[in-house]
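There's a structure below that I have some questions on.
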Amino acid sequence: MTTSLKAGPASLTSKPPEAPGSTLSLHRPVSRHDGSPGVAPHFVTAAFEGPLELLLQLIRANRVEIYNIPIAEITEQYLAALERMEDLDLGVAGEYVLIAATLIEIKSRMLLPQPQLDETDGDAEDPRAELVARLLEYQQFQAPVETLRTWEAERRAIFFREAMDVASDYMLPLAQGEVEVSQLFQALHRLLSDAGVDEAPVTAVTPRKRLSLRMKMMEVVRRLARAGESGVPFSSLFELPCARYEIVLTFLALLELLKLGKARATQLEIHDEILVFAYSRDEIAGVR
Amino acid sequence: MQAALEALLFVSGEPVPAADLARALLAEEHIVEAALRELQERLAEQEGGIQLLRIANGWQLATRPEHEEVIARLGAKAASRLSRPALETLAIIAYRQPITIPEIDAVRGTSASGVIKTLLERRLIVEAGRRPTPGRPALYTTTQDFLHYFAISDLSELPPLETSPTPAPVPAEAVADGRAAVPAED
Amino acid sequence: MQAALEALLFVSGEPVPAADLARALLAEEHIVEAALRELQERLAEQEGGIQLLRIANGWQLATRPEHEEVIARLGAKAASRLSRPALETLAIIAYRQPITIPEIDAVRGTSASGVIKTLLERRLIVEAGRRPTPGRPALYTTTQDFLHYFAISDLSELPPLETSPTPAPVPAEAVADGRAAVPAED
């Protein structure tokens, strides 16, 4: 950005104040204090980040407390910064004018003789209080911004790798209706309702799911093998709560294992728990 | 277990929660957590090319920062840095989420809508419902990608805000001081 | 040099020729070759999760074979999630169906054909006729499985789009048609 400034007074008349409550106009001439430390061009840069940022920078540059803003001084510097933005043809957005109007209003209220102190009267408040509260609220995010900036820089120094494609070797379509499934279906229904899933999709989901079915089958076979003679209760094959997809996948894996004769299921009574057994430990390797 | 963990983390291109690793390893989560910490230490001591980070609610391998330059020379691309208004908006969302655009604007004193678009595109924030007030303004929250972008594990790592988050009423003494100071002005 | 090599190989997902590594390291190729062999030995002795392979005229880090099973178990979970491009493409199809690949590409600004293949394989979308325009491009719609995957009962449950970008919003009948086309799935 160029730092050369046009000479001569500029005015903000092209941007009328937008504050509806303000009776003050920005036509009010602003005395230029050339060389004043508060209006160096770098505040114009700061101003791009918003009117509150500009105000905070002016307050910092003047080494004054937010709680105790020398309002006349700051107002003057603020308006001068806005003028320079205009001079540089940067345009001054409405929100800057809004804060300018607020500043001017506060300044004029502070110049007025203080009304008689009356505790029932709202006028007892410092005219700057609201602006101070806003500045404080805004300011508290400045430290986190610096933290984020540091983290961003640190993070940019490290690199991650893309996921490797490990999902290529499973396509195991299940032919529909080849296995007698009615009892298992009931069990699945129970399971789905336990998982808080509506029952409708069960039939619709069964045909041909194939994602990572082989892996699920390996997992189930391994569990069955570990359980040995005692078998695995059907419902404990599912770790609830889990995604419907997991349930369906496990279910399909079991169906496929039954079909391939690598597992068998028994049930004594119609509503009893189904027990699932591995047919043989030697079969584990055969799944792949 | 450490070796298997390293292999698992190597193939996955995103942070993996310890629970997922435990499931893959058929091991208990606290054992996996301990092994992860050991692996993290081993890699740190070794000062090799990679490190193990706790990031975005999971664990992920990454290069060590001292290799940045070399990697950049190989042609790794990095996303552009966030502007200050973007960082500021992001900070406000991070601390106040879920939050609406008008609420963000009120804090910043300037319009955030352009910045919001950038943050949404970069998936650092998402829309998460709407406030049930007139106009039903959209609510925004930070994402997993936000955590990942700043390489932190969760939001609790953000530094505490220094002053109270709600617009603090100006302390009585300050107001009094302020008034006392008035005559000193021009 | 070994550490930097490890970092370089870590970030690149494909075999890297020694010459490229040498360029990134500003070192001579025979020195890099020697360092690569040392790294290879170190990784082998360490019996960690990864190994250094010399393949296709390049060098690449890979997991050691003994971890295959564990990785497969983790992969089972990862595979059940859709990648971001896949989700994006799916969202476009869901809201704009029936839609052709060129139309999807136009919205995303990048080629969707690889992603389309994945979505077809996972039966989240199906081909449903062709557009009667030159080239007769295939039209895609979402399926029943799509609804299940997202646990919604019909397309009307998709959250409404906020703005209406260039392609006109799908008229209700078109959506209905799209749904009607689903039973065509084998």
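Odds and ends about this structure:
Per-chain numbering from 1; labels A, B and C assigned in written order.
The rule we apply is simple: a contact is a pair of C-beta atoms (placed from the backbone, for glycine too) under 8 Å apart; a residue touches a chain by one contact, two chains touch by 3 or more.
Fair warning: this is a prediction, and the values are worked out from it, not measured in the lab.
Per-pair counts of C-beta contacts peak for the chains A-B.
The greatest centre-to-centre gap from chain B, using C-alpha centroids, is found for C. Averaging C-alpha coordinates per chain places the centre of chain B 25 Å away from that of chain C.
Each chain gets a centre from the mean of its Cα atoms; for chain A and chain B, those two points are 8 Å apart. Counting partners per residue, chain C has 7, 10-12, 71, 73-75, 77-78 as the residues that reach two or more other chains.
Residue positions 159-164, 166 of chain A each touch two or more of the other chains.
By the touch rule above, chain A contacts chain B in their complex via residues 49-52, 67-73, 93, 95, 99, 110-111, 114, 125-126, 128-129, 132-134, 136-141, 143-145, 147-149, 151-152, 154-164, 166, 222.
Every residue of chain A that touches chain C in the complex is listed here, in rising order: 159-164, 166-167, 170-171, 197, 200-201, 204-205, 208, 211-212, 215-216, 218-219, 243-246, 249. Only residues 10-14, 26, 51, 53, 60-65, 68, 71, 76, 78, 81-82, 84-85, 87-88, 90-92, 94-95, 107-111, 149-152, 158-159, 161-163, 165, 167-171, 174-175, 177-179, 181-182, 184-186 of chain B touch chain A when the two sit together in their complex. Partner chain B is touched in their complex by these residues of chain C: 2-12, 16, 20-21, 23-26, 47-50, 61, 63-64, 66-67, 70-71, 73-75, 77-78, 162. Of all residues in chain C, those touching chain A in their complex are 7, 10-13, 69, 71-80, 121-123, 144-145, 148-149, 151, 153, 186.
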